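Both complexes below contain chain A, partnered by chain B and then by chain C.
The block that comes next holds the complex of A and B.
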């Protein structure tokens, strides 16, 4: 009985901590807005211009989400449903853009236009933002739909083949079967795109997220910025209500598809498939990197040394903070997922979903208003504020990837040990944890890369004395020569790439060791 | 003599009532077959006896001692001297066959564990599979490992949740024969859940026919065959 009470108290404490650190600042923002001014001022931000800006942001993000979902689904179909030569290479290479911060691609594409056309005016537009968001986020949709396609039982397709053509089977059976995955892909990219600060800011495209940031940081119009944040928050809440059905139980992707019996097809003319994948890979990864290299070398002098001097210290600090952040995000994700999948306690997952949906700049404003006080300065003035930011932004994704891993470990594995008298702690460490290791490792790597590239909130809350790579590049790039910006971006890309390669190497060993089926 | 007594058991998962007013006594050293259509509550009965679930209402006694009563568990699962063979076998995929069986023998010396596991592996004819992982075994070998694991702690009660559902009839008969011999040697009480009535009708043990969380009929093979209960008639004639 005492153990049970102790368990409830510790659970309650963790939920309370999550609520106080992540959700309370957002709720207080709404309360501050409601109590901070008279009604006329309260609603002054709802103007025609504001509504147009909101519509423009939603439209921009919807188009990017749609295009990313289409491209990701095509890649997933080619790579997960057909037996292609070099499919492993394409799967890994096409995922790389996901692990690179969007603003790196923004710089690269801008470089490309400058190099080809001599000016970048055409790129400073909504089209530029859509292009970069599509190319950066399509690997996420490929991962989710690919995982869903791998789980479709061969029998469904074979039964379809008995009566209809492949084309009809594809559109009438296969794609409808993975509709939840398609919906989730679309919604996730929509949220990421809406929340992204770096790309529209870099291209000078005014989205609502940028507008909130500008009012707050440039014009110091706090009341208007808070009002706009609340509007965005309310929009997100509506979005959340619509999405809760899909996202809170989102399958995301399975790290390890146990006992999969999906059908894969042989292809005679592999050349066409390879050509399609190669073109996508070229546009999404090789071309931007090539453009960055060209631009870095095009100046009158080489900027690499200067670039390294500028962002070298920030790179080390970024890696340290991102590593700690990824550990925190993974641990919290494991706890929230465990509560949801094994204890049917959904509250931690819902709190993380709420903070995930909130746009980055709104989160930044809420954190500044809440933590920037003498009593909470130990958080606001240290890297703790960044760790809380990472938790708020990426905790939900971690919880869902791990949750999917937990779903694949039958409860009977633990029951069998329980009957033998194995203690809960031993059951967890000896049975569940080893089986979840691939999912935990993937979550950690993804969280690390996302933390390393986070800009939208970090630019608003990073504490004095802490230098972060994305923030540093973003602030320097405003007044630096193009070649210097490209050199810094290329160094940033190289740092990310080195860690990805290290993680790939470790991952290969881990996945081999933990491959049981 | 009765080993396990269930009195007026009711149990539900959320809003869904799975057992209601379920009472039955299981005889010591005998095999009882729980049969009935899918979703009728057979597995729930096993989970309640094992202590993995606590009944919402009613009393469960083992060896005359109350182990669960009215929503409270007084004896933990591992103190009930039960072995459980799960429907999916629940063999831990990251453990070898040896470690799967040895995992529960935690309070013994390493040499004693080795001896005990070797003994049971020999008994089940899978001694050469000790270092294999579950995914390296055939379906029949996996079943043997699962049963061996549940018997290694020498339980008084063996609970079998359709563990032989997906194997061919010859192998199934061979495993059941093996179990019968083991039961005679070790004198454990066995409760065997199946949805195939033909499986239970071939043996001379107690049969309990369940439907919608209730007992429709119970008794020997002959008594069940003579039952006037319309559900039992349609179920065994199906």
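The block that comes next holds the complex of A and C.
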């Protein structure tokens, strides 16, 4: 009885901690908005213009999300369902655009466009924003759909083949089976695209996020900006709750294919497949990176040494904070996923979902207002504020990845151990944790890279004197020579690449070691 | 599961929460480009032994971070000093009760025109608005001598301007509205729109587009123009409206403010005095061609003297007020 009470107390304490650190600041901000404004103007932001702008932004992001899902699914099909040479290389290389700031790629693509066509007018448009968002976010959809495709049981496809062609099997069996993965891919890209300020601002396209940002930064009109953010928040929450309601038991992203016998097809003419993947790789990664290299070499002097001097200290500090952040995000994701999958306690997951969909500027303002008090200054004045930021931004993604990992661990394993009288701690450490290790490791790597690149909220809350790589590049780029900025971006890219390669190496060992656990 | 997770959280917080603040320090928030402001702050740190903890922001990021932080931190300031690239933001902070008066021997050396009446902000090293052009696309002789002429048909689709809702462009537009009156300024801005003005995301973007040859000429700040000339010999610049009867070009000093309730007020004073010195003005003249306000300050030969430029007659306080008034119209203009 006492143990049960203790369990509830610790569970309640953790939920309370998550609530106080991440959700309370947002709720207080909304309450301030509701109580602070003149009641007559409280909802005045809901005008015809606002609704039109919301519709335009939704349409723009939906198109980008649709295209990203299509391209990501095509890549996933080619790489996960066919036995292709160099598929490992393409899988890793096509993921890289996800790890660079969309703004930096927007600048590089625009310059590349100008370099090739001598004109950029077409780029400064809705089409430019859609193109950049599609190419930056499609790796996410490739990751999710690829994972889902790997888990489709071969029996379904073979049964289909007995009566229909490959094409029909693809559209009538395979794609419907991964519908949840397609839906969550679409929704995630939609939310990421809706929340992004930098690319539409660079291309001069007015979106709802720009409107919110303008109210914050040009007019300092918090009431209106928060009101508009709430509208955006409700919209995203509605979309994600629909996903949870209808697709909560569907695979989101699994790193593990234990128990599934997925079918992979041999291809005779690999050239066509390689050509398609190479074109995508060229447009999404090689062209912008090539432009960055050209720019970094185009100055009147080489800037790499100066760039390293500027970004070196920030790189070390960023890696340290991102590493700690990724640990916290992974641990919280594990706890939230465990509560949801094994205890049917959904609250931690819902809290993380709520913080995930909040626009980064609003999150920043909420955190400043909540944590900037004498008693909480040990958080606000230190890197703890950054860790909480990372938790709020990426905890949801971590919980979903690990949640799917837990789904694949048969509850019967733990039941059998329990019947044998093995203690919960031993069960967790000796059975569940080893089985979950690949999912935990992947979550950690993804969280690490996302933390390393987080800019939207970090730029608002990073403690004075702290240097972070994305913030430094963004602030230095304002007036530094293009060659210096490009050199710094390439160094940033190289740092991320080195860590990805190290993690890939470690991952191979871990996946091999735990494959038959 | 819960207790292991609780343990991990506790350890993380204990490890990372132990970072203590140093008392011999000063916290500065700045919107001046980091590439120029950081070396000055490092010099101060080296010369005085006072640790500088800085938060950088820039026009490129619309100064969102720093300004919103300062406003949100009003009741419990974290920053001691706010160093801005122009006086507008200091004016906004003053109107919100975030800055306070600071006077010293150094502030006395700055001409009264470049200070707020009660020293809520004090100016130093100034930039000017200039027309930057690409020599391959347009000659200096063909450039408009006044910004009024940019609406002429020969400049259709050839001119770029940064988003007027942000940065020094906002301030420039507010100055134009103050000088020409609302009607005249609106007419001119509508003329720009009809003449196909290309809106860039920032002054840095204006510089880049002109340097790349995407647009023949644009309106930007002297530091951007000098930086472009360092990068490319195809770029030149002129000061507009220099005729004796012209309106003159806008001069924008850096502005420094003491934050009300600054946690390290004494060190803040030392940093403000350091920034208001001839030595700092010389450094800024050398790094980004900013023009000193203190007479007798040494500058490189290529940096113009304020005495040689016809300056726009601007009341900074009134211009700041005008800015707030015209912003809704500027937003509408942008969306036309």
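In the analysis below, the second predicted complex is superposed on the first by the 458 of 517 C-alpha atoms of A that agree within 3 Å, B and C clash if a C-alpha of one lies under 4 Å from a C-alpha of the other, contacts with A are read in each partner's own complex, and residues count from 1 in each chain.
Criterion: a contact is a pair of C-beta atoms (placed from the backbone, for glycine too) under 8 Å apart; a residue touches a chain by one contact, two chains touch by 3 or more.
What you see is a predicted model, and the numbers here were worked out from it, not measured in a lab.
Applying the stated clash criterion after superposition on chain A shows that chain B and chain C can sit side by side. Measured by the number of chain A residues touched, the leading partner among chain B and chain C is C.
The superposition-derived angle at chain A (between chain B and chain C) is 160°, Cα centres, a multiple of 10. Judged by the touch definition given at the top, the superposed model places A:170 against neither chain B nor chain C.
In the overlay built on the shared chain, the residue A:435 is in contact with chain B alone; chain C does not reach it.
Once the two complexes are laid over each other on the shared chain, residue contacts for A:482 go to chain C alone; chain B is not touched. Applying the stated contact rule after C-alpha superposition, one finds that A:350 touches neither chain B nor chain C.
Looking at the shared chain after the overlay, A:410 reaches chain B, while chain C stays out of its contact range.
By the touch criterion stated above, A:419 is placed in contact with chain B alone, chain C being left untouched. For the three-chain overlay built from the shared chain A, the minimum Cα spacing from chain B to chain C equals 19 Å. The contact surfaces that chain B and chain C form on chain A in the two complexes do not overlap at any residue. Residues 1-6, 8-9, 12-13, 16-17, 19, 21, 27-29, 33-36, 51-65, 67-69, 71-73, 75-76, 78-79, 92, 96, 163, 165-166, 170, 199-202, 204-205, 208, 211-212, 214, 223-224, 227, 230-231, 288, 327, 331, 334-335 of chain C are the ones that touch chain A when the two sit in their complex. Within the complex formed with chain A, the residues of chain B that make contact are 50-52, 76-79, 82-84, 86-88, 90, 92-94, 103-104, 106, 133-135, 149, 153.
Those residues of chain A whose C-beta lies close enough to touch chain B in the complex are 410, 412-413, 415-422, 430-431, 434-435, 514, 516-517. By the touch criterion stated above, chain A contacts chain C in their complex at residues 7, 10-11, 13-14, 17, 111, 114, 120, 201-202, 204, 206, 213-214, 216-220, 222, 299-300, 324, 327-328, 331-332, 334-335, 338-339, 361, 364-365, 368-369, 372-374, 377-384, 387, 424-425, 428, 459-465, 471-472, 474-484.
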